[in-house]
Structures are given as C-alpha cells and as structure tokens.
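The structures considered in this document are given below.
The two complexes that follow have subunit A in common; it is paired with subunit B in the first and with subunit C in the second.
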Partner chain A sequence: MIEERFALGSSLLHRTDPTVKIIGATVLAVIIAISQSMTAILIGLGIGIALALLARLSPRALWPRLMAVNLFCLFLWATLPLTGGGETMGHIWTLPISHKGVTLALYITIKTNAILLILTALLATSPVHHIGRGMQRLGISTKLTLLLLTSYRYLNLIHQEFNRLRRAADLRCFNPRTNIHTYRTYSYLVGMTFVRSWERSRRVHNAMLMRGFNGTFPVLDSTTFQRRDIYILTLLSCCALVLAAVSLLH
Partner chain B sequence: MHISEGILSLPVLAGGGVIAATGVAVGLRKLDYEHIMTTALLSSAFFVASLVHVPIGPSAAHLILNGLVGLILGWAAVPAIAVALFLQALLFGFGGLTVLGVNTVIMAGPAVVVYLLFGSWIREGGRKQLLGGFLAGSLSVAMSGILVAIALIGTDEAFMKTAQLILLAHIPIMLIEGVVTMFTVSFLSRVQPEILAIQKS
Partner chain C sequence: MNTSTDKHDVAIELRNISFTYPGHDHPVFDSLNFSFRGGHMGLIGDNGSGKTTLFHIMVGLLHPDSGQVLFNGKVMETEEDFTILRRHVGMLFQNADDQLFSPSVVEDIAFGPLNLGHPPGEAREIAMRTLAQVGLEGYEDRITHHLSGGEKRLVALATVLAMEPEILLLDEPTNDLDNAARGRLLEILGSLDQSLILISHDWDFLSRLTSTFYALENGQLVRSNQVTIHQHQHVHPLGDRRHIHPPC
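Right after this comes the complex of A and B.
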C-alpha cells in the first residue's frame, strides 16, 4: 500500500489552501537550492524545522525520508572530501582532504535537509488530489493535472495488481536469484501489470466517455481564501524575503 | 536515479527545467484525449515498477524501465515520467521540486531517444524485436547515468570522481534493464500487441 503518511492531520498547515502551500514551497525551495550563503541556508534549515513543527509531522513517518536523503549525503561525504581537488585542509593518515570537497558536502547536506523538511511540511500535508486542484488553479495545463490525478488515483490499484501476480508466483515456488529465469519471470510480471493497466485504462476511458467526459474534472467544492491562508502566505513570503536578502548580501 | 534537492547549481537546474518543460509541452501536444487514460495508467505502472526490487548478486536493484515506457508512449513518455517523478517526490520525498526538471530530463530524455531509435524495431517481431528491446532498456539506463554525470559535473568539477562512481554502478543495472525490457517487449507483443502499437493508432 502506497500511503500518504502526512496528508491527514488538523494542524494549521493541513488546513491551509494548497495553492498557498504550492507557491510557498516552490519559492522557498528554489531560493535555498540556489543560495550560496551559509547563513541563508542555515536560516532555511531553521524555517524547515519550524514548518515541520507547525505541521506536527510525525517523527516516525519523517525518519525514513530523512534517512534516504542523508544516506546519499553520507555517500557524498565519503567521496567528495577525498576527490574534490583544490587546496587541502588536512590529512587523514596520508590521504589529503580537499577543502572544496568538504564545503560542498556540507552545503549539500544542509540544503537537502532544509528543502526536504519544507516540501514535506507544505506539500505532503495535502492529499495529492488537493495539490492537483491547486496546480490547476495556478494555471498548470489541464491535461497535465488530469494525468497527475488519474495516475495517482490508480497507483495503489496497479500496485496491488502487481503484488497479486507476485503472490501467485510465490505460491508456485518462485525463488528470486541472480539468473535469467528470475529476470524473465519479473519481466512477465511487469508485462502482465502493463497489460492489466492498459485494459483498465480502456475501461476507465469508456466509462468516462459514457458520463460525458470532456477533458476536465468539474470541481465540486468551492473553497475560498480564508483569513488563515493570507496569514500563512504572508509568513511564507517574509521567510522567502529574508532568505533572498541574506543570500544577495553574501 | 534521482538527484536530490540542494545538490545542483542554478544553471543546471534552470537548463533542466527549460528542457523538461519543452519536452512536457511537446508530449502533451502529441497526446490526445483518446490516450490520456492509457498514459496516466502507464505512468502509475512506471511508478510501481520502481518499487520492484530484483536480485543482483548479494544485493538488489529496483527496476527503472524508462526505456520500456519510451518505447510504448513515445513523446508522451515525457509528461508520464514527469508525473511519476512528481508523485514520488510527494509520496516518498525522493527527488524533489527544484530538481524535477533535471530528473525529468535524466529519465525521459533517454526514453524518447530509444523510442526514436528502436521504436520501429520492436513492432517488427523476431530477432530485431528482441535486440531492439535489449538495446532500448540498456541504452536508456546508460544515457540516464551519463546525464546524471553531466548534471553533477556541470554543477562543480569536484563531482568528477563521484560521477564516475555513479556511472560504474550503472553497468550491472544496464544489463538487467536490457534483459527485462527485452523479455517484457516480447511478452507484450505476444499477449497484447496493441500496447506496442499505441503510437500508430
């Protein structure tokens, strides 16, 4: 089961309009990603932590996400300081440690964590269909949001479809090893999943034509901007302005 | 095969964003409403394939299958892959928002290239189909690896050795992707050849 582990909740950020959150997340992520100032990205990390607290993200659900990106950072820490080139800042045994490599790894680690926290606190706290609707309201192409919403809608079904085939293979004593039989079996499982997806897509398409589908989903709820949306938008804009100012002063 | 947030420099991020946006626009223009559901569901299938781990020696690798998606969807693979990557960023925190463009180029660029190179081969059947499937699967992963390396080295030359390591790690995955894509194409051509002919209809 592919879950949206942060989408349900009652925090202020969960109740904020997705449009506001999409704008805020994009602007903050872009500024942090391109900033060259250590002060700015540290403030960015602070903003990330504050937003994560404000969204009351469950630490248990957040942990695997943080682990995944930091595992890659660890790989960078293992390679960049030794291979970064430039002037050396010291030695481990006889290996020269590159100053540039260490700086690069440090910047990346802070930026990655900061942006991950911000995106999780702002975007993952809305169900994907709300994000899709927000994107549509922001003027993203209807076809693209339609693709996003439909693809999201059938994600779990297709995953279950694959798992069912996988279980059937297990029941027939399929024992994955590094050999051609294993790869052929997986190919057929994947192939069958594609066939089922294709068949399902024909049925969905026909069913939607029957219901008069004309290329857009009618939006039923009529949420309007609330006062809290304006507060959050102001707050996020202030954060973005501070970050941009510190980055430019650098 | 994701580049995380906070690694790449502004020119690389912006370049990737512009190329990806152009690719998505072309893909969407070529995609009519008749095929939108198929594209969406194959986009979910592509997402699901990335959750499938196949054994490789003592370790395991997850499938990528961007070559297969390219062979089936042609240019529409670009929006399909972009959507799947966006969902991965939302649901798992893999990849991200500012790198979405670059990651789309890395995964979907090779998908379109192998479609242009081998798209006609896999519809012919026989040995050419098997060879086309293998080459599409392995070359798309190789090209993705090279694009990752270009994005990293374009950001900073200090990434040179890291990029080389990442490329090396792609070699076994290339073989597996080639074999899996080859078998899947031959399976599809026997079980549901219409899928391989979506582009023609």
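Right after this comes the complex of A and C.
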C-alpha cells in the first residue's frame, strides 16, 4: 500500500501548483546530479534542507526515508574507499584507503541526500494524481502520464490480489523454506498475480472504452497560476541559477 | 420485443451471432438472434452461459466470429461505429473497481462527458448533477478507491448515467451489496426512464425492475415466462421477530 504521507498539509509548497514543483524538482535534481563542484552540491543540500523546512515535512516521517537511502550509501562507503584506486590517504590495518574513493563516496552521499530532500519537499507534497495532471499540462507524453496514474490507482488492488493468493496458500499450510516447492509456489503466486493484473487491465480498458476513451485523459480542472506559484517558480529558478553558476565556475 | 416504456427510438439487434472463445471447443453462441427495442428486460442464465459475453458483443468490446450487430437499423462494423453506439448504450460492469480509474469521484464521473466533448465547466456540472441523482452529494472530492463497496457501485452507476445513455446494460449490479445498498440501487434504477437490460441472479431484484425475462440456454436466447406467483420460503436475519416485507 502506498501511503502519501507528505501529500496532506497546508504549507506554501503544498499549495503550489504541481507544474511549478515538477519543473523545479527536475531542474535542481539534474544540476546537482551532474555537478562536479563540492560547493555547489553543498549549496544543493542546503536548498534541500530549506525546502524541507518550507514544506514543514515531519522529521519523523522523513527520517526513515533518509535512513533507507543512506543505507545504500553505506554500502558505497564500505566498498569505494577500498576499490577507488589512485592515491592512498591512509591504511586500515593493511588495506589502503583510496583518496579518490572516499571523495566519490562523499559526493554521492551528499548528492543523494540533497536530491531526496528536494524531491520529497517538492513532489511528495502533492497527491500523485495532481502530479499526473501537472505532467499532462506540461505536455509530458500521455502514455507516461497514463502509466503513472493507472499504476498508482491499481497497485494497491494488485497487492491485495497477491495477498489473497498468499493467504490461500497459507491456509493450506504453506510454509516457505529453501526448497524447490517454495520457489515453485512463489513463482506460481507471482505468475498468477501477473495474469490477474493483465485481466484487470483489460477490464479497465473496456470500461474506459465504454466511456469514449480515445487515448488521452481529459483534464477537468483548469487551475490558473496564482501569485504564489510565480514566487515559488522565481525562487526555484534563482536556486537553479546559483547552483549552475557555482558548478560552471568550478 | 416491444414494451410500453419505449420512450426512445433506439434498438439493438443481434443477427445470427456465433461466438467461441479462443481455445474453447463449444461455442458460447450459435446463430443467436435477438432484438431489443426498449423497456426493462431481465437476462438470466447459469454461470458461464455467456451473459456478460453477450453484453460485450452488443457494445463491440468483443467481436463475434460471424453475425452482425445492428444499432437503430445500421450495421455496426468498425470501431468508430461502436464508439457512436457506446454514446447511447451505457454499461455497468460486474466489478466497480474496474470502472473507477480516476483518483477522485468527480473526475471519474466527468471522464465520460469530457470525452463526449463537453467543456470542463459543463462536465463538472453534469458530474455534480449525476452524483446528486444517485444520492451521493458531497462525495465529489472523495478518493475512489477508499469508498465502500456500495458507494463504489453507486459512483460506477453515476459514471454511466453521466453519459446520458438511452439504454443501460447492468451486469449483476447487486453482487456483493448489503441490503441497504441494494435497496438504494433498486430505488435509483426504478426512478430512471432509460431502457435497461439487467443480468442478475438476484430474482427478487429482477422481478422488481423487469417484467420480461430472457434466458441463455445452449447458446440461444429463450424468452422465459412472465413472473409466476408461487409460494416460497426464505431465511433472513432475526426472522422470528415481527417484521414487515417491503411491498413489491
């Protein structure tokens, strides 16, 4: 079940038009991802923290997300310093620690956290269907938008279907072990879930055809740009410009 | 068949329809002929006898191996023909979850009208009006997949009604509904002036809405007798207490 934990709220960012947030998040994330300058990515991290504060994200909900992604970074810290090559900056026991590896791990960690904070503050503060509508208004491919919206709508049902099958197996004393019977059962469960999802998608498509679906999702709300949207867009553009300038100067 | 409630000049006709599901030996329909010219009609038959398949052929979601579908006397051949037919014939699916794909209730109901070319403002108005018609005022901003089973069914009906069809095809509308939701659905359907064909195993529900029954037997549609009066027994909760049966 997907919980849209950050979507509800009344902060300035919650009330901002999703198109502004999509543009801002994409531009900032791309600049931070490709930037080679430590100053720039530190500014990026600062922007991320500032946006998270502006969106009044609950630290309690945010923490598990940061932990999850930093666990991944931890793996990088465990391997990159040993495998980075080049100059050594010291030894742990007899293992040489690569200067390049440590720098790379540091860059990746800062970039990851900065981007995660920016995406959470900007994109997670809108319900998924608003993001979908925003994407549509930005002229992003209808297929992608449809894929996002329908996956989101039906993921929960597909999960429920899987659970029903799983429960049916459990009721007949299925006890997962490391053996071929378990692997076979799991592959049946997964296969059956795919078959059912495919059948459901056909039924949904039929229902859409019955109501005159012609390949595009019509948009009901014609929301207009508010003054605050222009402020936020200006603010995000300035952030992006500063980041780009610092990166280029480097 | 032609009944007195024929208000709209619409007719669906099936001519010599044969249909076999790919990979199956026995045909679902074998030169089936059927004509519907309005009114309220019940469609009965065993599980797997092809009731839903018949609906799907009528609206062009499935294509018969041979035979023709006619709408108002015109043979429906291309997808474009059926697109036009679907403006006049609405279908309520067995599973409401399949029918509700938009995030919010109002968007889902407005989906049809928007596709029909109504501007957004007008589509929203139609959606709100239809929502009121099914007694769900104030539900417009609810998230569709958080609704109860009964509410989902009523919203699904609203999505169909918003297209203002002349004929309604209802596929087991009372499935999984509790008594209260079933009663509401009965009330709403009873108040509509559309023609309808109703698939149901719920005899009581059928007999309250329709007077003519067709049964699917061995790939053919057979007209069934009118309702016959007979004695019957049934169980219901707390039946030993004093209770009143609603009038038929």
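Heads up, the rule we're going with is that the second predicted complex is superposed on the first by the 250 of 250 C-alpha atoms of A that agree within 3 Å, B and C clash if a C-alpha of one lies under 4 Å from a C-alpha of the other, contacts with A are read in each partner's own complex, and residues count from 1 in each chain.
Assume a residue touches a chain if its C-beta (ideal position, glycine included) is under 8 Å from a C-beta of that chain, and two chains touch if they have at least 3 such contacts.
Note that this is a predicted model, so its numbers are computed, not measured.
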| item | value |
| --- | --- |
| Joint occupancy of subunit A by subunit B and subunit C, clash or fit | fit |
| Subunit B versus subunit C as contact partner of A:R211, first or second or both or neither | second |
| Partner chain in contact with A:V242 - subunit B first, subunit C second, else both or neither | neither |
| Touching partner for A:V128 - first (subunit B), second (subunit C), both, neither | both |
| Subunit A residues touched by each partner, larger count belonging to subunit B or subunit C | B |
| Partner chain(s) touched by A:R200 [first = subunit B, second = subunit C, both, neither] | both |
| Partner chain in contact with A:V30 - subunit B first, subunit C second, else both or neither | first |
| Which superposed partner A:T150 touches (first subunit B, second subunit C, both, neither) | both |
| After superposition on chain A, the shortest CA separation from subunit B to subunit C (Å) | 9 |
| Set of subunit A residues, in rising order, touched by both subunit B and subunit C | 128, 150, 152, 154, 157, 200, 204, 208 |
| Contact footprint of subunit B on subunit A as seen in their complex | 2-4, 25-26, 29-30, 32-34, 65, 68-69, 72, 75-76, 79-80, 82-86, 98, 100-101, 104, 107-108, 110-116, 119-120, 123-124, 128, 131, 141, 143-144, 146-148, 150-152, 154-155, 157-159, 162, 176-178, 180, 182-184, 186-195, 197-202, 204-205, 208, 215 |
| Contacting residues of subunit C [partner subunit A, same complex] | 56, 59, 61, 83, 86-87, 90-91, 93, 95, 97-99, 101-104, 106-107, 110-112, 114-116, 120, 123-124, 144-145, 159-160, 163 |
| In the complex, subunit B residues that touch subunit A | 4-10, 13, 24, 28, 31, 33-34, 36-45, 47-49, 51-52, 54-57, 63, 65, 68, 72, 79-80, 82-84, 86-87, 89-94, 96-99, 156-162, 165, 176, 179-184, 187-188, 191-192, 194-195 |
| For the subunit A and subunit C complex, residues of the former touching the latter | 127-129, 132, 149-150, 152-154, 156-157, 200, 203-204, 206-214, 217-222 |
